[in-house]
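You will see chain A twice below: alongside chain B first, and alongside chain C after that.
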Partner chain A sequence: MSFWEKLSKMDNRIIYTALLVIMIWALIWPMGLPIQIGTSAKAAYETFDSFESGDILYVSFDYDSAGATDIQSSIEACMRLVLKNGGRVVSGALWPIGAQQANYAFKKMQEEYPHLVEGVDFLNLGYKPGGQMYIEKAMDSLIEACANVDNEGRNLSQFPIMKDLVTLKDAKVVICGNHGSPGASEWVPMYATAYAIPNNKPFVVAASAVNATINAPFIQSGQITVYLNGIRAGAEMELLTEKKGTAVSGMDAQSLSHILVFVLMILGNVSYFMQKRESRKQ
Partner chain B sequence: MQISTSFAVWLTAGMTLAIYSGVYKENPIYRLVEHIYVGVSAGNGIVSTIDNYAKPTITIDIFQNGTYSYLIPILIGLLVYTRFSKNRNINWLNRIPLAFWVGIGSAVVLTKNFKANFISQVTATFMPMINNDPLIMVNNIVMVVGVLSVLSYFFFSFELPKGLNVFPKFGRYIMMIGFGAAYGNTVLSRMSVLLGRLQFLLGNWLGIIETRI
Partner chain C sequence: MYRRTIPFIISIVIGLSYILSGALPEISAWKNLLDKWFQISTAFAVLIGAISLSMVHFRNLRRPERLIYSTTLIIALYGTVVLGLIQTSKGELYQTWYNMTIVPLEAAILSQIAFYITTAAFRVLRMRSLEASLMLIAAVFVMFYNVPVGAAVWQGIPVIGKWLMDIPNTAAMRAITMGAALGASATAIRVFLGLERSYLGGGE
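Now for the complex of A and B:
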């Protein structure tokens, strides 16, 4: 068996081990590879930095723990900017685990801004089933769409923040954390195309990278005005908000893993052509 | 930082390692944890739906606020379970809620999704092919020619004349670039999942790294 043949039949576990070693190495001994701020992160920063005291951001946590590494950093950075400017944040979730992700984010925000009061400055509405139907109903009455209760089962009418957020139209910006369906594909027709874009309101999506090609047509058509793609966007947002976290600390490992995939793909292709050449010679 | 003393963190770490053990070889621990994951996810979804929606709708909306009209959709919805009846005089009733779903689904597609997913996409390709900025002009030409070429690839009614048959071929290359971009983003996303788990194992569990700089 030639070298190229051996290479093409290499055990997958060798690749997994190499990947693991490279990523652990980069996490323990980070190299500090440069991260350039892209136009999307800048646009997101400008959008959320324009929040004034009392403005409300509605965050839809439409992802689970699998998508959290990609999305949570971007969402938290956006929430941080809004709360820093005196804005308020209300969250919902079209995925059951999304409510938990919202709790993690709010807990972190409360550590950073201890003066925040639940129900006044922020509120987690929790998971609400229905996808598109929930959004459609929330455009008329958010309280009715939520069946009157928040994530803890408390009556929504007791919270001051809900008096200023009667419908989704009252939110200055809606941001969707998207890791699949329901997610951006539901928000685009029911909220962005039907209301936000005709009224010159931005619609922001922070998505896991696997959704980039699905959402790309909506970005090109302007139905998604700001798009934060994967952990890279999270790292950029963390740098812009000057609060480095998991995204920035993981970028070295992410970049090295990509280099490994890149090298393996080139080797795989070279191996394919070399084997073809050898078989022709024989 | 130091190694975690939390039982929840140790349990999560154990579950993570058990799931990743499947990468090395199929084993009973991997299977067990996989089944636990599926069960917990399904259970969490059901409990969340009942707690956050069904229960408050019945207790607050119907009994407390007296919105008895909500009973009508609830009753219609319950009819779907007549499907399990072997009695022919009863099980046809499951078609009533299905008819509602089909009707509502069609209405949503026609009024909302059609505009967002089709009309807006078509109008977004109406781009000026001549522009003062050469970069924008190239971008627009690639966009328009790319869309037309990909559409021509799926044109099966009759064979295109000799001069025009370059379009389907070009459309195929455009799609290949799209597939490459999709693959790249999938790799990016899957690496992020692994990265998240490694940050948890090395940071929250073992305390070797700081997840917050």
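Now for the complex of A and C:
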């Protein structure tokens, strides 16, 4: 068996180990590769930095903990910016586990801003079934769409924040954390196209990188006005809000793993052509 | 009759009236009612899912080879429900339970893709033909467009990567979306005409 043949039959475990080693290496000893701030992150920063005292941001946590790796840092950076400016945040979720991701984010925000009061400055409405139907209903009455209960089953009418958020139209900006369906594909027709875009309101989507291809037509048509793509956007938002977190530290690991994939692509092709040459000679 | 004809009539009446409600404001109250029913039935679907899952795994408890997996699932399912009812989703133990089970499990399952992609890049992405070569080159640009090292190597990488995402990818996605929408419309018409009845069960 020639060298090239041996190489092409390399055990998968060697590749897995190489990937694991370089990712751990990059996480423990980050190289600090410069992260260029893209236009989307800048637009998101401007959108959320324009929040004034009392303005409400509605966040839809339409993802689970698998998508959180890509999305949570972007969402948290946007929430941080809004709360810093005295704004308020209300969250919902079209995915059952999204409600828990919201709890996670609010807990973090409360640690950073201990003065925040639940029901006054923020509220987690929890998982709401129905997808498009929920959004359509919430455009007329949020309390009705939520069956008048929050994530803990409490009566929504008792919370002061809900008096200023009668419908989704009362939110200054809606941001959808998107890791599949239901998600951006439901928000685009029911909220962005029906209301936000005709009223010159932004519609922000923070999505996992795998959704970039699916959402691309909505971005080009202007139905999604600001698009935060994957952990990269999270890292950019963390830099803009001057609060480095998991997204920034994960970028070096992602860069190195991409380099490994590239090197393996070259090796795979070289071994393929060399084997072809050898077989032609024989 | 009760199993097929009545459900068929209900689906036709509801489907057609829902479509007509877009054009006839007189029946918007009916549409609002249907929206509520849809939300309630979606919530019930979660309950049915839990019941169905329980039935399968309680049956599995009698099979020694599946005992361990089904026991784990039942404990996880009902443990979460009981903890949620006692503590609410903000309880310390509930959060620890969630953070130590679902978070690492889901992250681990998703992260496996990285390992599969890496081995696939080595074994499958070969320049066997012109089309395969074009795909490989496009993959390299899009891959490095998403990470800082791409721009660090050459400023043109993010520009080309963005062009590939914005133009050829968007065009292809739009075609797929329109194709799927046409397919969904055709299925809806078949349901209304009674040609498509597989959703009623019975294998037709």
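Miscellaneous remarks
By definition in this document, the second predicted complex is superposed on the first by the 282 of 282 C-alpha atoms of A that agree within 3 Å, B and C clash if a C-alpha of one lies under 4 Å from a C-alpha of the other, contacts with A are read in each partner's own complex, and residues count from 1 in each chain.
Just so it is clear, contacts are C-beta pairs under 8 Å (C-beta built on N, C-alpha and C of every residue); 3 or more make two chains touch, one makes a residue touch a chain.
As the structure is a computational prediction, the values presented were derived from the model and not from experiment.
Partners chain B and chain C, brought together by superposition on chain A, clash. Of the two partner chains, chain B is the only one touched by A:Asn148; chain C is not.
Of the two partner chains, neither chain B nor chain C is touched by A:Met274. When the shared chain is aligned, chain C comes close enough to touch A:Asn103, but chain B does not. After overlaying the two complexes on the shared chain, residue contacts for A:Ile22 are found with neither chain B nor chain C. In the superposition on chain A, A:Met10 makes contact with chain C only, while chain B stays out of contact range. Of the two partner chains placed around the shared chain by superposition, chain B is the only one that A:Gly222 touches, whereas chain C remains out of contact.
Looking at the shared chain after the overlay, A:Pro34 reaches chain C, while chain B stays out of its contact range. By the touch criterion defined above, A:Lys244 reaches chain B but does not reach chain C. Look at A:Val188: by the touch rule set out above, it reaches chain B but stays clear of chain C.
Residue overlap on chain A between the chain B contacts of one complex and the chain C contacts of the other covers 16, 19, 65-66, 68-69, 96-97, 99, 126, 128-130, 133, 136, 147, 151, 153, 209, 212-213, 217, 220, 229-230, 232, 254, 257-258, 261. Of all residues in chain A, those touching chain B in their complex are 13, 16, 19-20, 23-24, 27-28, 65-66, 68-70, 96-97, 99, 126-130, 132-133, 136, 146-149, 151, 153, 155, 188-190, 192-194, 208-213, 217, 220-223, 229-232, 244-246, 248-250, 253-254, 257-258, 261.
The residues of chain B lying in touch with chain A in their complex are 23-24, 41, 44-45, 48-49, 51-53, 55-57, 60-61, 104, 108, 112-113, 115-117, 120-121, 123-124, 143, 178, 181-182, 185-196, 198-199, 202, 208-213.
The residues of chain A lying in touch with chain C in their complex are 8, 10, 12, 15-16, 19, 33-36, 64-69, 96-97, 99-100, 103, 107, 126, 128-131, 133-134, 136-137, 145, 147, 151-153, 209, 212-214, 216-217, 220, 229-230, 232, 251, 254-262, 264-265, 267-269, 272-273. Here chain C touches chain A in the complex through residues 35-36, 38-39, 42-43, 45-46, 88-90, 95, 98, 102-103, 106-107, 109-111, 114-115, 117-119, 121-123, 125-128, 136, 139-140, 143-144, 146-152, 158, 165-166, 169-170, 173-174, 177, going by the rule given at the top.
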